[in-house]
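One structure follows; several queries about it will come next.
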Amino acid sequence: MTREDQARKYPDVWKRFTPRETLVRYAWFIGLVFIAVWSLKRLEIPWFYFLDAHEQAADLVTRMVPPYWEFFADITGPLIETIHIATLGTAITVLFALPIAFLAARNTTPNAATWFVGRFILVASRSVNTVVWGLIFVAIFGPGPMAGIWSIAARSIGFVGKLIAESIEEIDRGTAEAIEATGASRLQVLMVGVIPQVLPVIYGTIVYRWDINIRESTVLGFVGAGGIGIMLYSSINQFAWHEVSVMLIAIFGIVLISELVSAMVRKRIT
Amino acid sequence: MSVPVWRPPKFIVTPWIRYGLLFLVVVYLVCSLTPGLVPLVSLNIDWTRAGRGLPRAADMFSRMFPPDFSRSELLYSGLRESVQMALAASLFGMLLSIPLGLIAARNLVPLPVYLVGRALLGISRTFHEVIIAIFFVKIFGFGPLAGVLTLVVASMSFIGKMLAEDIENMPPGQLEAIKATGASFPKMLLYAVQPQMLPRYLGVSIYRLDANIRHSTVVGIVGAGGIGQVLAASFSRYDYDFSLAILLSIVALVFIGEFFSNWVREKLR
Amino acid sequence: MLSITDLVKVYPSGEQALGGVNLQIDQPQVVAVIGSSGAGKSTLIRCINRLVEPTSGRVLLKDTDVTSLSRRALRKARRRMGMIFQEYNLVERLTVMENLLSGRLGYVSFWQAYRRTYPPQDISRAFELLKRVGLDGYHNTRADALSGGQRQRVGIARALMQQPDLLLVDEPTASLDPKTARQIMRLLCELAHEQGTPAVVNIHDVNLAQGFADRIVGLADGVIAFDGAADELTAAVLNEIYGEEDWSKTIQKSGADRSAGKDRGALERESAAG
């Protein structure tokens, strides 16, 4: 073999992964399969239900069409109530979220204890789902929109407060320091040095949350906390599928509109 | 002689819009909160009943303490079921989100397919999990299967939407280059799309696992299995001390889920 | 080898990009297509492998009528045409080797492609080409860790992995600094000659075109305004292609660069640096 030939010989084996990497990849794969099998096995899923699921679903669809359009007159009230619950709940959120956000932001909280309280409220509020809050407030206020409004507020405070607190922590320190240097009180610093800087974030977050809340308030009725959900639940339980389809279309409509409104407003703000 | 006063600039500059909006807000509050003032619009709030809310809340809280962890067997099995529902739903949601994400990406598929994909995404995202859950409960009966399917639908559309948006934002050159080598569509997905999408996809999926743990605690309220079903039952029996124990466990579980999700996403970066 | 007849492309917007292009390439040569931006250079090259669907006209590659192929047959035809891009278009998160092997995607099964188990001759060809373009040892580097010049070298190697009958090259140097641009252009032309592959190279830099190409085609408003050897390019011709301008500084005596290109040792040193 000449030197030329020797130089022309190139390796003809190439592996993307080292054996170790391959092993790790297989381990991940087996792990995932194991988790899937374990979860499904313990859930004791009756697989035979799936045999006629498509028939059930098709049956459901045929029962839902055509929608019983006259029913729309009956659900106007509940639909408006749904929007009210979301809007008023969001309004209450504003009142609470702002002071709590100042407690939960490291650069505006008075001391470590207040910071902890602020953080705890935010975490607790976010960990409990709106519908679960609904259960609690129905027990307190009795069934009706009042419970719904407070459930929306209770869940939203954590969401809005967390985002505002984060934006407060990211503000330009200089402005606030400059105002502090003039000898202003803590409240004055907040009003003049901090709030104007986070105002667009506050408005944006609130409008965004309002849009989510419209969607959430459509189901609060399932636990008795007002809105369209009460009628939806009872129609489903009575197998009145023609009414159900009208309500689903109506819900689709208001969710879509609220999404558009929210996107439009947020675009104007920022 | 008046001293000039400096005022910070207002967020809404035009005064009449500012005061007009304020006026509208006041009108809205009065109309919506006064029962019977405007038919259909005013909320039907029983203020005397609501006024009793505070003492009732106090009573409820006093009955909640101390939380009752004695029925740990029920609590544990409910939590385990929720976690299993979340895990199974995340895995299946991840798998199903791939075809959904692909057909909802305008740069991969022709217009009719794209519209179908977008419509599927739109519909499944509009309806709250609980509405979807109640449908599955009607079809499959009470129990975790309805819950798993609900969460599968929710995860599928959530991850699918992210995936579709990511694919649409991909630089077109890589697709073009792989196409130009004569590769078929599946191979193009394998070499141009998959490597670029994988990290974000995993990140979103892990986030979704965390969200599924949170949501698995609530679908049970309409009978779709998990800890939510136990919680709803305890509320209907006025077992408030057990309810608090469940709530605290849920908070702990959500906390662990969030911690795990953040940890994994940090590692993926 | 390549024969283009009456190629017309009208975009849905009504804009006519190509208005009847005729081009014959009968021997392995580097054909530089020059012209101002919007003259249809990019459309021309993409109509040849139908990444852009031509409105009418015919493209013959050897004996294959590319314009009449079914989708499946078109994919087969595309394997025979290597393409090189301005923005390199490497898959950023894949390794250099995977990017090279993607040139063989048309020849392996989906499973092989997924497992990255390519035939040994593909692997050794990839290593050979990597060495030839001056990226010896870079096979496990991820594409996003490479510099612009290095990426274009990978791009060239990927196209050559296809063992193409034709190279389609779209502005290979437009994103590179002048020195790297010359190195890349030289490498490209050398490889095309070495492999005996004709190449259609879109390039807006008249100097580079003149310095390295065997033949120059000038495109203006979607039709061919000039077709001839590099040293036939005159100020009058450039006026016709680009419009009135003082071209005295641009036109150069060709040959100087090509002789430099033959100095293999100098090239190897340069490419190792790039």
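Note that the chains are named A, B and C in the order they appear, and that numbering of residues resets to 1 at the start of each chain.
Following the convention adopted for this analysis, contacts are C-beta pairs under 8 Å (C-beta built on N, C-alpha and C of every residue); 3 or more make two chains touch, one makes a residue touch a chain.
Computed from a predicted structure; not experimentally measured.
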item: Overall pattern in which the protein chains touch one another (line/ring/star/complete/other); value: complete
item: Best-connected chain pair, where connection means C-beta pairs in contact; value: A-B
item: Whole-Å separation of chain centres (CA-atom averages), chain A against chain B; value: 5
item: Whole-Å separation of chain centres (CA-atom averages), chain B against chain C; value: 50
item: Mean-CA-position distance for chain C and chain A (Å); value: 50
item: For chain C, residues contacting two or more additional chains; value: 98
item: Contact set on chain B toward chain C in their complex; value: 171, 173-174, 176-184, 186-187, 190-192, 195-196, 198-199
item: Partner chain A, residues of chain C touching it in the complex; value: 95, 97-98, 116, 118, 120-121, 123-128, 131, 139
item: For the chain A and chain B complex, residues of the former touching the latter; value: 32, 35-36, 38-40, 42-46, 49, 53, 56-57, 60, 76-77, 80-81, 84, 87-88, 91, 123-124, 127-129, 131-132, 135-136, 139-142, 144-146, 192, 196, 199, 203, 215-216, 218-219, 222-223, 232-233, 236, 248, 251-252, 255-256
item: Residue numbers on chain A that touch chain C, as the complex places them; value: 8-16
item: Interfacial residue positions of chain C with respect to chain B in the complex; value: 49, 51, 75-83, 85, 87-94, 98, 102-106, 110, 113-114, 155, 158, 162, 168
